[in-house]
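What follows is chain A paired twice: with chain B in the first complex and chain C in the second.
== the complex of A and B ==
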């Protein structure tokens, strides 16, 4: 645990560039997606308790404003994790592209934004 | 110009943990961080301990964390550091004193990749000839000065100090892709370990840190591909 805290401290205080932040975000989004999957399993399991609680979770809790905002975070996490994963694969297979990695990170973020913005508008639309 | 130096100090005989010492120095814009450290050591506090030898970016002994980023103190100009220059020892290496770390674990990894030419056959006419193209294949990785800036900038290394690290892979690359050498298999085997090349997550901190501007991640990527294709 102490070692984990120490390596996180080192990561935050080292002034790495795009590659380091892309990597940290990749880890964070991966963890977020894993947490969501656990939550998903639990919320489906609520059906075993009864139709009432199940309907409450899905129709009331999941449509509440905080849940909608979290949904946008989830969308970002999934989109980013997928796009960044593709970037890593491309660089692994074509190491010479490494010298353009900063540009590739930027292109990746633009692609994520292009999908995320309309999707977020659709998701949050019902709140306004 | 007058600049504040914040130096992370540690004396194992008197301190239980490192602390930040602050010193004011008068420097020229074109002085290097090493000159500022010398000013502190020579005129303010003789106990400040650091390692340096050539002072011209070629011996690799003064790599340290300067304003949060690994670099050679003898290659960073004061005009590029801002008003406060913060200096600390390389991370994830055993700290001996002030800015000096124990490089032995780093060199043990260097030795593990057999960093020398192995070829049992006698050269044909007194020397081994090599075409310019074959020499160019590993030119980039011949430039390494073993300063450890890359390895100690790597998040995979911070998380797991058994990771062989970018520097050792760069050194292995220099011989794996040398057509006069015959021991690529031995080196690739050492690098195929759980703590070998596969721990690289293409974070690119090493490329940013390398004072010799070696394309470190590319070299690692080429070794990964060589392993995937079953040899060089």
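== the complex of A and C ==
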């Protein structure tokens, strides 16, 4: 617990720039996706039980207005985790590219935004 | 001489020699590469092409029981197994980073892996028996 508090404090105050924020976002999005994955598997298991129980899950956990807002976080989380994971793989296997890692973080954020913005508009369209 | 055992063991350790954590490191990269294609496809296909509003009971049944049903079930099984293995490992990394009490660490990791194991079982049963399949098997739903 003390380690967690210290880690959060250092995470905010340590001036590690792009690499540090990329790491924090990677961890946060990874834990978020794992949490969603738990819910996602349970929902498919409910569908295996029958159409009645699944209809409730579909209406509440997937298509309700709060769920549509959380869906945008999921889209960002998965797209970012995928893009940043590719950066990690590229730098791990081609260490000489490590000197460009800050540039790669910026490129990856632009790529995520290019996919995320239209996806978020399509997702939230039904709310307005 | 027995006193040199520790030193001898250290000398024998080759830099870059494969070990358990090294293989896990490689697994995280390889599974990440695979899921860069499969999970991003799954996400964009389900959310942008199929649309979440249309992922109804009938829609899942049509995909899993249709002409390409075996493909979709194997595809979804790959998401389940690779995703859960990669995800559980990531949670374990996080626990190891923050929880340094050995007992608490073991407890938390055990809980995460226990729930993970049950979910892999639940997901596998759903994929094998299909939507509504478990309900028919136990006589409900």
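Here is the rule we go by: the second predicted complex is superposed on the first by the 116 of 128 C-alpha atoms of A that agree within 3 Å, B and C clash if a C-alpha of one lies under 4 Å from a C-alpha of the other, contacts with A are read in each partner's own complex, and residues count from 1 in each chain.
Just so it is clear, a residue touches a chain if its C-beta (ideal position, glycine included) is under 8 Å from a C-beta of that chain, and two chains touch if they have at least 3 such contacts.
This one's a predicted model, so the numbers in the text were calculated from it and none came from an experiment.
**Student:** Is A:11 contacted by the first partner chain B, the second partner chain C, both or neither?
**Tutor:** The first partner, chain B, only.
**Student:** Which partner chains sit in contact with A:119 here, chain B, chain C, both or neither? Use first/second/both/neither.
**Tutor:** second
**Student:** If you stack the two complexes on chain A, which partner ends up touching A:19: first (chain B), second (chain C), both, or neither?
**Tutor:** So A:19 only meets chain B here.
**Student:** Among the partners chain B and chain C, which is in contact with a greater number of residues of chain A?
**Tutor:** C
**Student:** Could you tell me if A:63 is touching chain B, chain C, both of them or neither one (first, second, both, neither)?
**Tutor:** Second partner only, chain C.
**Student:** Have a look at where A:42 lands relative to chain B and chain C in the superposition and call it first, second, both or neither.
**Tutor:** After superposing on A, A:42 lies in contact with chain C but is clear of chain B.
**Student:** Is A:95 touching anything from chain B or chain C once the two structures are fitted on A? First, second, both or neither.
**Tutor:** First partner only.
**Student:** Answer with first, second, both or neither: which of chain B and chain C does A:55 touch in the superposed model?
**Tutor:** So A:55 only meets chain C here.
**Student:** Regarding the shared-chain residue A:73, is it in contact with chain B (first), chain C (second), both, or neither?
**Tutor:** Touch partners of A:73: none, neither chain B nor chain C.
**Student:** Counting only touches as set out at the top, which of chain B and chain C does A:82 meet: first, second, both, neither?
**Tutor:** second
**Student:** Which chain A residues lie in the overlap of the chain B contact set and the chain C contact set?
**Tutor:** Residues 3-4, 7, 88, 92-93, which sit in both footprints.
**Student:** Enumerate the contact residues on chain C facing chain A in the complex.
**Tutor:** For this pair, the touching residues of chain C are 29, 32-33, 35-36, 39-40, 43-44, 47-48, 52-53, 55-58, 60, 80, 83-84, 87-88, 90-91, 94, 97-100, 115, 119-120, 122-123, 125-127, 129-135, 140-141.
**Student:** Touching residues of chain A toward chain C in the complex: what are they?
**Tutor:** 1, 3-4, 7, 27, 30-31, 33-34, 37-38, 41-42, 44-45, 47-55, 58, 62-63, 71, 74-75, 78-79, 82, 85-86, 88-89, 92-93, 115, 119, 122-123, 126
**Student:** Going by the contact rule at the top, pick out the chain B residues touching chain A in the complex.
**Tutor:** So the residues of chain B in touch with chain A come to 65, 67-69, 91-92, 153, 155, 158-159, 201-205, 207-208, 215, 217-222, 224-225.
**Student:** Which positions of chain A touch chain B when the two form their complex?
**Tutor:** On the chain A side, the touching residues are 3-4, 6-7, 10-11, 13-20, 22-23, 88, 91-93, 95-96, 98-99, 101.
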